[in-house]
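In the two complexes below, chain A is the common chain; its partner is chain B in one and chain C in the other.
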Partner chain A sequence: MATTAKKKDVVIVGLGWTGSILGMELCEEGLEVLALERGPDRDTVPDFKYPDVADELKYAIRYGFMQRPRNSTLTIRRTLEETALPYRSLGSFLPGDGVGGAGVHWNGHTWRPMAEELRLRSYVEETFGAEIIPEEMTLQDWGVDYAELEPYFDRFEKVAGIAGQAGNINGEVVEGGNPFEAPRSGDFPMPPLPQTVDALMFAEAARAMGYHPFPRPAANASQAYTNPYGMQLGPCNFCGFCERFGCLNYSKSSPQTCVMAALKRKPNFEYKVNSEVLRVELARDGRTATGVTYVTAEGEEVFQPADLVILAAYQLHNVHLMLLSGIGQPYDPITGEGVMGKNYAYQMNGGTSLFFKDVEFNPFVGAGSNGMVIDDFAINQIDFAAEGFIGGSYISSGTTNGQPIRSMRLPPDTPGWGGDWKKATKEWYGHSMSIGSHGSNMAYRDTYLDLDPTYQDRFGRPLLRMTFNWKPNDIRMTQFMKSKIEPIAESMNPDIMASGYKADGAMYDVRPYQTTHNVGGAIMGTDPTSSALNRYLQSWDVHNVFVMGANAFPQNIQYNPTGVVGALAYWSAEAIRTQYLPNPRPLI
Partner chain B sequence: MSTSAFKTTRRQLLQSAAAGAALSAITHPAWAQSAPAVPLDEYEPTYFSAQEWAFILAATARLIPSEGDGPGAIEARVPVFIDLQLAGDFGIAADWYMDGPHDPAAPAQLGYQSPLNPAEVYRAAIAELDDWCSEEHGAPFAELEAETQNAVLTALENGELTLSSTQGASFFGLLLQNTKEGYFADPKYGGNHGMAAWVHIGFPGARASFLEWVGIERAYPLGPVSIAGERA
Partner chain C sequence: MKTFLRIVAGLIVLGLVAVAAIAFLPIRKTPPNDQLAANYEVPAGQGEYTMRLADCAACHTAEGGEPFAGGRAIESPFGTIWSTNITPDPDVGIGGYTLDEFRAVLNDGVRRDGTHLYPAMPYDNYRKLSEQDIRVLYGFFMNEVEPVASEGETTKLDFPFDQRWGIRVWDWAALSAPGFTPRYDDPVLDRGAYLVETLGHCGACHTPRNAIFAQAATTGEDATFLTGGAIGGWSAPDLRGPNSAPQTWSAEQLKAYLASGRNDRSAVTGEMSLVIAHSMQYASEDDLDAIVAYLRHIGGGGGDGTQPEPDADAEATTELLASADPAMELGPRLYLDNCNACHFTDGRGADGVFPELDGNSLVNASQTAGVIDVILNGSRLPSTQSRPADLAMPDFGHRLSDEEVAALATFVRSAWSNEAGAVTADDVARRRGNAGRPQDPRS
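On to the complex of A and B.
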């Protein structure tokens, strides 16, 4: 039997970016806030300190800061006919674990979406006609538009301390920035990072071809910075241990460097670690939540009553918890009815490697978000009707790390072992670069999340089940990017070139790392019959449950998701503070 | 294959072990506080049996041979790394979801589905492979000529030779991955002895501070440091 804890005004599930942001915002209202984090506590010291964190094997290969599948995983299948099997060891995506969540181990690419992406169905219908939308594609608008979100993008970028070059301020195009981006109300809080050799070479080649290179917006500080919460960042030293690592230098924006110390000072904030929420408890009528039940580190079940429940776990886990708690009608891929689990999407990426015998790239000189980008083939720059797909990509080059176990790029004809392999590691390490495309991924009738019928977690709960595969529309999109990237690469005259893009018939492979940009499953929208959350991230069905995170994306944008996740968290927090708390009810 | 390929290579094995010992004596720098590393043929494995140890010494020496520029797996003490990894959390799949049912016949793209953990995969695979080598080539893997060993590993890699005892796990994939890990990981894990693999490619290890080198197209001049502060 669960013991019952003293009631809180707010319980937050998960203490990463969105959990810590909502903690700050709701503590400002004087509410008693408790955050429950299922992983361990983590801070720059001792968890990310030099030199211990500069350990490729422990953190990049054995995933020291990631979720252990033994504690939490899901099953995956590609089609409705296939039997889903557990994601037993990590590969394709790497959900974070502990305080800070994936905000600890990300690279820090921090984007705003294109205005068109937030109303993609409307944009496509108005511009090209509804008939170009493939029948199986469940394309939707988000229910919130860019102009409404702009102040919240600005807010998140100031809290996180983003380094970048604006390309459009209030409609004025700014030289050196992204001319295709939606208008910003002001510049980035910090100037862009300096650039590595590969990024400079790519930018020069792209410029010569008439494209518009600009520095990648970076959650890696380019100078000393104090954010609105009084948290301080120091300039990034290009340590080359960013993605999959915590920052040893107080330079990468994370809940630890940007929010947590300020939040811990709030007398009305409390957090518990190693405390895993099992479900959200609902009142008899199912219209409101009464709190959550969680398991302590000692294995004890506790019922934590609360007036307001904020789900701020990773995308997959928010959806899992909602399904386990009976919040919202589960989606049925045959009838298309139901909303919970609907519209899971991923990210369609590709790339071309370039080998130069005589160029010294020093690939260990890297920052998570260093790089130059072109958006000339972004979603608002492509004629979808003419090209035969819906979507777009940004194209970029930059160095995040040269760690030799995972970042040993070798020419395609190199054997995988033996004397020639050893020889090639010396010959080519430090003499290659890549140009990558990072693209959108649409959602489809049969890409969704539900509960697995067979496999269970350590608490006896059914695992989440993912049904996902690559689709022709998105493969056409990435092939289009290949046709644009290869001429840029060729113009740079590499000694050897090798391309890797999904081609016709590609099936989703869970083994190689692709990206931790899992989206959808509890999507936001304008209509309770086609979305799980309203435009304020409030559950349509249970009005005192608000759900943060990329699960709200109806399909994936062409950019890395964290900028949108952060902005949506501030947007939702504002709605809770100004509309919900004075009069708790469904806001729509 | 001709029978000459089947001759025992224990001599070669001892040679490479001696090379490892010699190398450790030569490259063990004066600053080091720790005692010189035990020669591989005197090393007492934590996880492996004697027969398994002989297999690991021989197989890793083929995957990253000693010949040519730079250390081989033996000089880098990769076998020690693998032994310690299998004796620890990696070996027992401490972080992995291992609940059944298991479907060893699942498409490879759905990831690891064997009921065996990596340590069990090594144990089963080495036994089966040594039996197979004895039957086909008249001696366990470690005692075959290098050319034959290469042919066996190639057949394993290509799937021409399949092992039923690993229940769907790719032993070759694991072995190759762990060999490269032991070659390039920080020396604290037992491999990459003397940071020789880092010196070979020009990776500066745990230096982790390069702001003044951003955008500079000149080879970085400093050698590696390890997490323990060793230099090479």
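On to the complex of A and C.
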């Protein structure tokens, strides 16, 4: 029997990037805000302190900052015919837990989408005709356009303290930046990071082929920085322990470095850790939420009443909670009806490795967002009708780390162990680089999320079930990128070259790490019959539930999602502050 | 023989008379230095503000304890003094104090029951408080503080320091004249003087102590005032010499440091963290400007904040570190492995985030406990209104031996343009497990 806690104005589920941002914004309205975080509390010191956190085995191999499958996981299948099995051992993607969430252990690549990506169906129909859209592809517009979101991209970049080089300021193309990006209202808050030798070699080769290299926008500080909340970053020292680690140096933008200490000062803010929300409770008519029920660290159930519920957990968990709570009609892949769980998508990546006997790359000098990029094959640069796919990719090179267990790049055909492996390691460690493609991934009729019919979690709730596989459209996209990357690589005259791109018939494999860019499942849009959330991230069905995060993406962009997630959080917060709070109701 | 006995008897009689005089002469309490209307009302918010600037909480609120309920340990050369409950609880707090009794505590260090306070309570500074501030503080503690009925630890010093009547003699010898006299014909400087000398009692740490352990001076007119003291084995830096912060930093840098515990040169550590956390971050712009103007004035003018160009010594250190030569000595090698990530090869850190070590007052202090403690235990900035990030340096005591900490501290104290003396492994051993007063200004 759950005890009932004292009512709050707002309860926030999850205390990562979006939870902390909504906490700040709503506390400024004078509301009493409680955030519930299912993981532990985390702070730079002691949790990421130097040098303890620079431990590859503990954090990168044994996933010290990730959720434990025994506490929280999902089941996965690739087709409607398969039986989904639990994701018992982390591999393909790594959701975080604890205060800061995945904002603790990311690399910090912070992008804006192309303007075309936010209205992709319209763009494709207007430019190439609706007939090029494959029948099974459930391509949708987002319901919000780039110009509307621009101030919120700007806001998030200033809070997170992004280092980069603008390529387009108010329509003026700026030398050295990305000439294909949508216009920004101003420069990045910080100049770009210095670059490692692989990035410089790639940029030179790309420039020689007529492409337009620019530095990757980075949530790794290039200098001392103070953000609009008064929070501070120190310059990144390229320690080489970024992704999968908390930053030991106050250099990586995270909820900890950019928001939390300012949020903790708010007298109307409170947060509880080790508190896992089981479901959102709805009023009898199902039109509003009355609060959430959560389990404390001691295993006690508590009902927390609240006027406003913000779901700010990871994408998979937001969708799971909505399905468990009966918010929105579950999606049916056969009829195409329903919205909850619809349009799950991932990220299509590939790459080419280059080995140089005579170049010392010193890979232990690395930063999460180090690198040079070209966007010459981005979504707005490709003739989809001519190439036979919808999508695009940025292409980049840079060094994030030289960690010996997981970053030991060796030539193809090298044995995985034994004397020849040792010999190759000695010969090639520090003598290789890679050029990668980071590409879009479309959503399809049968890529979706629902509740598993068989498996339950430790609270007896059905697990979330993912149905996902690679599709020909996206495989053609990545093969196209291969055809563009390999000539650049060849022009650099490596001693050995090796490519890895998904090819025809590729099936989704959950074992190797690919990316933690899981998107969709509770998507935003303009129509309640085809989206779970309206353009303000408000549930169409339960108007006092707002849902942050990449679950809102109707299909995946070609970029890393955090920049969009941050901007959407500020966009939604603004709508809550100026439109919803004065008159709580469905905003559309 | 008879003569000798007579002298002894005479001395005994004299001694008894003296003791009787100390014990039985009525204590003369300082009268109010201003007549305020009987119905004087404390302006809203003024009580809390004045309490902040007087920094009552730094001592009278314990780590994680109820506000003003006392129980914080204050280390003195004579033993541990425990701060008392100053909530308006009538039994264990000050709820039963009249205004006159309250004034006597602040001005004369005398409790309601007539016993003397140890001068850990800065009544030598507070005796210059204006009557208005006394009224404001009285009103605050009586009306705005929640009574807490918990009695903390009782101070028990060893003989002879447990004989509180002896403090009366000390008071006669040590205390300065009561009351604050404006002297600058400039309201900003006079306000600054009042805040620094009296309400903020900066001299309690930053002025050297004399032979009887009294503050050697209590006003800026005396050249020894604020020329540096010691607390808990740490140096409290000189605030008026040519190398002092007020004389090398710009006014803006000094103000930023007081308001947020950090600026583009340095970051607060040790006891001063509590002063920033509990007091200075709440000071108004005008009061900060007054404090800064006064501190700059008494040292002869004030600095402009320009960083000296690195000299040959500084460049030699930077080059040595940048060479990353595995054959380098232990000290610089430990610096590269432990410190360089934030403080960099040039020892200049990053503005507002990582403090400069080149020229740093803690690094170069004559008392080495500060630099040793920070290496051993780390340090955390207070979260402040303008700079909420409680940036922390981690502890290194768990991974460096006494010899290594000594080699590292010795290197840093002689690196770049620093010229301070060596630290020995014995110095480090003495500080191990002795973090002094807990230093988590988050409480």
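Here is the rule we go by: the second predicted complex is superposed on the first by the 588 of 588 C-alpha atoms of A that agree within 3 Å, B and C clash if a C-alpha of one lies under 4 Å from a C-alpha of the other, contacts with A are read in each partner's own complex, and residues count from 1 in each chain.
We adopt the following convention: a contact is a pair of C-beta atoms (placed from the backbone, for glycine too) under 8 Å apart; a residue touches a chain by one contact, two chains touch by 3 or more.
Computed from a predicted model, the values in this text were never measured in an experiment.
Colleague: In the superposed model built on chain A, check whether chain B and chain C fit or clash.
Modeller: They fit side by side.
Colleague: Please work out whether A:231 is in contact with chain B alone, chain C alone, both, or neither, and reply first, second, both or neither.
Modeller: A:231 sits against chain C, while chain B stays out of touch.
Colleague: Mind working out whether A:491 is in touch with chain B, chain C, both or neither, as first, second, both or neither?
Modeller: It touches nothing on chain B or chain C.
Colleague: Pick one for A:4: touches chain B only (first), chain C only (second), both, or neither.
Modeller: Neither partner.
Colleague: In the overlay, work out which of chain B or chain C sits against more residues of chain A.
Modeller: Per-residue touch count on chain A favours B.
Colleague: With the two structures laid over each other on chain A, which partner does A:381 touch: chain B (first), chain C (second), both, or neither?
Modeller: After superposition on chain A, A:381 lies in contact with neither partner.
Colleague: After the superposition on A, what does A:257 contact: first (chain B), second (chain C), both or neither?
Modeller: The second partner, chain C, only.
Colleague: For A:507 in the superposed arrangement: first (chain B), second (chain C), both or neither?
Modeller: A:507 contacts chain B only, not chain C.
Colleague: Return first, second, both or neither, reflecting whether A:265 touches chain B, chain C, both chains, or no partner chain.
Modeller: Second partner only.
Colleague: Tell me the contact category for A:418 with respect to chain B and chain C: first, second, both or neither.
Modeller: first
Colleague: Considering only touches as defined above, state whether A:50 meets chain B (first), chain C (second), both or neither.
Modeller: A:50 sits against chain B and chain C alike.
Colleague: Between chain B and chain C, once the two complexes are placed on the common chain, what is the minimum CA to CA distance in Å?
Modeller: 5
Colleague: Using the superposition on chain A as set up above, list the residues of chain A that contact both chain B and chain C.
Modeller: 50-51, 235, 237, 239, 248
Colleague: Using the touch definition from the top, list the residues of chain B that touch chain A in their complex.
Modeller: Within the complex, chain B touches chain A at residues 62-65, 67-70, 72, 89-90, 93-99, 101, 103, 106-113, 150, 153, 157, 176, 179-181, 184-186, 188-189, 197-198, 200-211, 213-220, 227, 229.
Colleague: Along chain A, where are the residues that touch chain B in the complex?
Modeller: 50-52, 54-57, 61-63, 68-70, 73, 76-78, 83, 85-89, 91, 193-197, 200, 235-241, 248, 359-362, 364-366, 370, 402-405, 408, 416-419, 421-423, 425-426, 429-430, 454-456, 507-511
Colleague: Using the touch rule from the top, collect the residues of chain A that touch chain C in their complex.
Modeller: Listed in rising order, the residues of chain A that touch chain C are 43-46, 49-51, 223-224, 226, 229-235, 237, 239, 248-250, 257, 261-262, 264-265.
Colleague: Which of the residues in chain C end up touching chain A in this complex?
Modeller: Residues 264, 338, 341-342, 350-354, 378, 380, 383, 385-395, 399 of chain C touch chain A in their complex.
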